[in-house]
Structure formats: structure tokens, C-alpha cells
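Chain IDs A, B, C and D follow the sequence of writing; residue 1 opens each chain.
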Amino acid sequence: MTKIAIVYHSGYGHTAVIADAVAAGAKAAGAQVHLARLESASQDFTPALEAVSGADAVIFGAPTYMGDVSAPLRAFFEASSKIWMGQGWKDKLAAGFTNGLTFGGNKDHTLTSMWVLAMQHGMLWTGPGVPLGNMNGNTSAAPEAANRIGSALGVIAQSDNAAPDVTPPAGDREFARLLGERVAKLAAKLAG
Amino acid sequence: MTKIAIVYHSGYGHTAVIADAVAAGAKAAGAQVHLARLESASQDFTPALEAVSGADAVIFGAPTYMGDVSAPLRAFFEASSKIWMGQGWKDKLAAGFTNGLTFGGNKDHTLTSMWVLAMQHGMLWTGPGVPLGNMNGNTSAAPEAANRIGSALGVIAQSDNAAPDVTPPAGDREFARLLGERVAKLAAKLAG
Amino acid sequence: MTKIAIVYHSGYGHTAVIADAVAAGAKAAGAQVHLARLESASQDFTPALEAVSGADAVIFGAPTYMGDVSAPLRAFFEASSKIWMGQGWKDKLAAGFTNGLTFGGNKDHTLTSMWVLAMQHGMLWTGPGVPLGNMNGNTSAAPEAANRIGSALGVIAQSDNAAPDVTPPAGDREFARLLGERVAKLAAKLAG
Amino acid sequence: MTKIAIVYHSGYGHTAVIADAVAAGAKAAGAQVHLARLESASQDFTPALEAVSGADAVIFGAPTYMGDVSAPLRAFFEASSKIWMGQGWKDKLAAGFTNGLTFGGNKDHTLTSMWVLAMQHGMLWTGPGVPLGNMNGNTSAAPEAANRIGSALGVIAQSDNAAPDVTPPAGDREFARLLGERVAKLAAKLAG
């Protein structure tokens, strides 16, 4: 059975909603999912590191705070340096997701930071591979459309200033589900 | 009088609308503006290069095609290599704008490409410095809001699949006007 | 048999040396290799586009000119937009290499541009996965070391101001060979 | 008198050597310098935040750990979000420096992360504006050359696996001094 670790931080619960949707997509595609939620930049990262070490694929998630991954994920990345020395995560599949208050906010930079980390570890990277939500029409960014923003590097979700049970909208959760499904399928191929 | 060169490419006229709005903002702030529109990757770039050489500041513009600056601007950047050898554009102020069909589409990468070029030339870079259009409310991305997308690296505009007289919307043109105004003011300070 | 397309531009032959080394590595690992060398930004890209369409994996290569991919590769990327509309390259494996006169010169930006293009097409990305050439010692960047620069996103080669038969050095060619080998092996896994 | 804040983290003292050289360059050019060294991701950032608020320009510094700014600087960036809400750092000048064991290691990504933060705050960005150390010769990267690596986005230093009193080499310290001098001169112009 393909094993997927989802290592993420969520400040107010919106990114956790996306993490859950990613997990649901991966499970529905037959993977066993380990959700490792980070709480702070100074916590013990051993369990989360071990979750990745034991998995075929890893999906990183964090809110975009001031244009990059939040500090807990950054600190987790640093804590992976000993594993990096021995290239212990080599050839695993990696992907990422992020969430923020705007459509922009430099979320691509956040996803690029995740990719850079994955490359240092010798992992492969996949984006969501979901066509643009408004590709064929005139209306931009309907909230029910998967990939309403036009994101290729990973999943970008946008949450209004409201509770996680109402935002991010259905389209973003569907986008996240599709990423989980894709990673599960590709990881199975690579493991096979 | 502060001189500003706007070097841009526009495939279907939408990016040109943004260029014109940038120019209007710069002129209203007292600058003399030279608009240099590129037509192809194989054209003679001498006039556009000279426009930058004679200016205090330069604002680059291009549609985002497949996630980066369009080929004519890329070829213009390459053509600046002889000037780069002598650091002929050193200490000028630079900024950028882009436009595309979606809110995402890796437009930050386009603006980053412009910034990298500016840094190689020893120029300074300024973003638009405009607060997020939806910062204080729940409604994301109203078309009449300047910086409705949340762009900090440069101006990002989004055009629907329609003619340039109806799209990009008023908010994006206002955002562009504010960039032109900002560059004119900062260039005057640096020249002073 | 796994098919790999290598689409690259080389201004003075140094990048071509790297392309040949990548090809040799891929062939030795059992792949059939199609080398498509681009000549200009205004050429007909149909044969190169078809080479990618017919392959399991693609490796992009270009010299870094003024901090990004050279104009012919940029124009090739643009020419792939019709294939992108139908996501015709989805699920292929992608990788990249670049070369320049310095160790820096923003070559990571060049490789990031290739990655962004690959993500828009729904492809997977792999770096070289080669440990740093100077990881365990005090001496930085011996020319005979593979990955002497410390590059994770793709292959970075550095050429002195001399002919392609003497530079880039052996370490860079070995680094390129290892990338070709890696892409061939991973593409076979994904195809299997 | 122009005031410059240098906010940096240094794990083993090598980045601190660069910070000191930047400070020396800025002081020699007539600026008053406030060095704020960060110690951890969970510290109180109030003094460092106030140092930036009281300065005309800020220079960020951090070692590159796993391809990005180290966690203390990342956490400092996050802690600036309240100031960002009111755009309290708008129009200040910003620049950056980093250090690592290799010439590569994705140090450009580290500098890009600093630039993204600066842009969100509405600041201007300047690189070092120093010509490449090996531009005219065949020998790459002599340790006594300023900008021996070819860095345009900020100062990149490389330290061997030795104590900070012997590495990074003289060329990197000179490169850092030139950045400090440049920021001091440009900040004086902008303040004038």
C-alpha cells in the first residue's frame, strides 16, 4: 500500500481544511495517509521527520505568511538537514499546498520554497496538473471551480476573513482533493 | 525633468492598456515618458536600449506567456548584455508589470525575471507599494479595486477573454497608474 | 524502450557539450535519445515540439543569458502553448541543465523557469539528485567533482572563457551524465 | 545622519563575519549602523523590529539552511506582519546577504525570499552592484576577488568547513563591505 505523509502547519485552521481534502483524495485513490500537523517552530520534529522517512511520498502544506512558508514548516525543513546529509529521502515524490487571504500574496514563492527543499533531498516534484478553472470562459475565479486561481506549482487556496467551516470555498477543497489523488497515483507508479 | 522609459511587449493589446496607464501615472507625477513597444524577438532593439540608457528609470512590461516574460522582452533582455558589460544602466530605478488570463499563471515568476535582469544591471527595484485591494474585507478581488489580486513584486493585471477596451478592469488600470506615479516620484528623489 | 527528448540551445557550443553528456548518460541507462538543438527564437519549433510529444521524458537545456533561459528556449516554451491547452505533455518527466561563465549568474532562476514551464504542462520534475561535490571537505569546487557548485534544481555547469573542447570541465560533464542516467531510470519506472 | 539596521542570524559565526563587513562599509560611507543579531525562531523580535522602524534602510542576513533563510530570520519576517498591515516600513531601502558551504545551495532563493518580504513592505531593493569577480579572465572564483561567485541579487559568501576567522575569504568580506557602502550612499540619496 502506498504511504503518503502530509506535513503541514495551519495557523487558524484554513490550511488544515486543505490538508484534510488532500488526505481524502489520497485515501480515495488507495493510499495510506499520515497527517503530521506542526504546531510551532521550536517543537520536536522527530515524529514528522519519521513520517516522511516512512512514506513513499510527502505533501508539504503551510499558510503563506509574509510571502513564504510559515516558520514552523521552515524550521521543520531545517530539521531535515541530517537526513539530507545521507540523502535519506531520495527518490520520494513531493508536492505542496498553501493558503492565504488573497489570490496573490506571493504564494508561488511559498510553493517554490517547498520545491527547493524537495530538490535538495533528491525528491521528484509534481504539481496538481489541474487545468485552469476559468480557462474557457470570461468569468474569472468562480469559487466553485477547482484551480480557480490558475496555479501550476502546487495547490493555492484563498480564504476570506471568516471561519474555516465557510472558507476556503468548495473549488479550493476540490483542487486539494485532486492533488491528493494525483500524488497517490503517481507514488504507486513510482513504487511499482 | 525625470525621464522614464517603459519597455514592453503586448500580444493582443491588453498589456498595452496597462502600459498606457503606467505612463499616465508617471506623466501626472511630472515625468517625461518614453514608451517603447517591442514587436518581436528578432527585431532591432537599438531604439529601446537607447531609451533605457537615456532615462532615469525603466518600467518593464510583458504578458505572461507560459509562466514567464514573453519572448520579445526576453530577447530585449539578452540584447542588453553589451550595456551590462560596462554596467551602463547602473543605479537606475526599475519596476515591472504583467498581464494574463488568470489571477495566477506564475505571474510572480515573470516579475521575478524582470527583477533578476535589473539586479544584473545594478539597478534598484521598486514594487507598486499599494496595499492589498481586499485587505480589510471579506470580498476577494473586486474588479474596481487597485491591487485586487494582492501583488507586491510589480503590477499584476488580469484580462478576461475579451477586447482591450473592456478588460483588464478599472482596478488594474488604477493599479498601473499608481506604479507609474510611484516610479516617477522615487526616480526624482534618486536623481535629486 | 524509454524515449527521452533533449531540447536545448547552445550559443557557443558549451551547453551542447553538456547536452551530449546528458544524452550519453541516458543512452547508457537504456533510453532512446532525441537531441533537438534550437537555433533561434524565430525558427520553426514543430520538430522540437513533436520530439517532446513523442517522448516519455524531456530534458531542457540553455545557456543562462542575463539571468534566464536564452531567447530560443523561451520562444520554444511559448510555442508549446497549443499543446498546453490540451495538456498534451501531462505526466511526462522533465529536468533541466544550464551553463554560464560564472558559478552564480542566477542560474537557479534559469532552472526555475524550466520547472515553471514543466508544471504548467502537468509534468513531473526531477533534479540531478547528486550530492554536493565539496560536501565533506574543505576545498570548494574542484573542477573534477560532479556537482562542484552545489546545484539541486538541475545541472549547473560553468565554462571559462575558452573553447568547448577544454571547458566546462570533467566534473560538469560527469554531473550531466548522471542527470541523463537518472532521468532515464525514473522515466522507465513511470512508464512501467 | 543615515541610519541602517542590519538584522541577521548566524549559526556558527560565518554569517556574522559578513554582517560585520557590511556594517564596516556602511559606517565608512557615513551611516549610523544598528546591528541586530537574531538568536532563535522563538525569541522576542521587538528590538529588531524597532531597529528597522527607526532606520532609513535595512540589510537582512542569514545563512542559507536547506535552500532558504534560516528559521530565526523567517520568524522575524512573520513578526513584521503587524507593521506590514500599516505599511510602516514603506519606502525604506532594503538589501541582503547570505552564506553557505557551497557556491550554489540555492542561495539565490534565500535572497529572493528577502526581496519578496521587502516588496510586501513597499520597500525598495538594491543588489550589491559589483561586477563579476572573474568577468575578464579565465580563472573562476579566486578567493580574493569581490563577487567571485557572480551574485547580483545580494551578497553571496561561501565558507569552507573551518572557523570564522579563516573563512569566508577576503573577497567575500570585501564584497560585503561594498554592499554596506552602496546601501549607505543610496539611502542618503533617498533620504535627502
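We take it that a contact is a pair of C-beta atoms (placed from the backbone, for glycine too) under 8 Å apart; a residue touches a chain by one contact, two chains touch by 3 or more.
Being a predicted model, the structure only gives us computed values, none of them experimental.
Chemist: Roughly how far apart in rotation are chain A and chain D when fitted on CA atoms, stated in degrees to the nearest 5?
Modeler: 180
Chemist: Calculate how many whole Å lie between the centre of chain C and the centre of chain D, each centre taken as the average of the chain's C-alpha atoms.
Modeler: 31
Chemist: Touching at least two other chains at once: which residues of chain D meet that condition?
Modeler: As it turns out, chain D has residues touching two or more other chains at 67, 106, 109, 112, 116, 119-120, 135, 152-153.
Chemist: By the document's touch definition, which label belongs to this structure's chain graph: line, ring, star, complete, or other?
Modeler: Topology of the interface graph: complete, with all chain pairs in contact.
Chemist: Write out the stretch or stretches of chain D touching chain A in their complex.
Modeler: Interface residues on the chain D side: 40-42, 65-71, 74-75, 77-78, 80-81, 84, 106, 109, 112-113, 116-117, 119-120.
Chemist: Taking the touch rule as given, give the residues of chain D at its contact with chain B in the complex, in rising order.
Modeler: It comes out as residues 85, 87, 90-91, 93, 112, 115-116, 119-120, 122, 124-127, 129, 131, 135, 152-153, 186, 189-190, 192.
Chemist: Under the touch definition given earlier, write down the residues of chain C that touch chain D in their complex.
Modeler: For chain C paired with chain D, touching residues are 67, 100-106, 108-109, 132, 134-135, 137-141, 148-153, 156, 158, 160-162.
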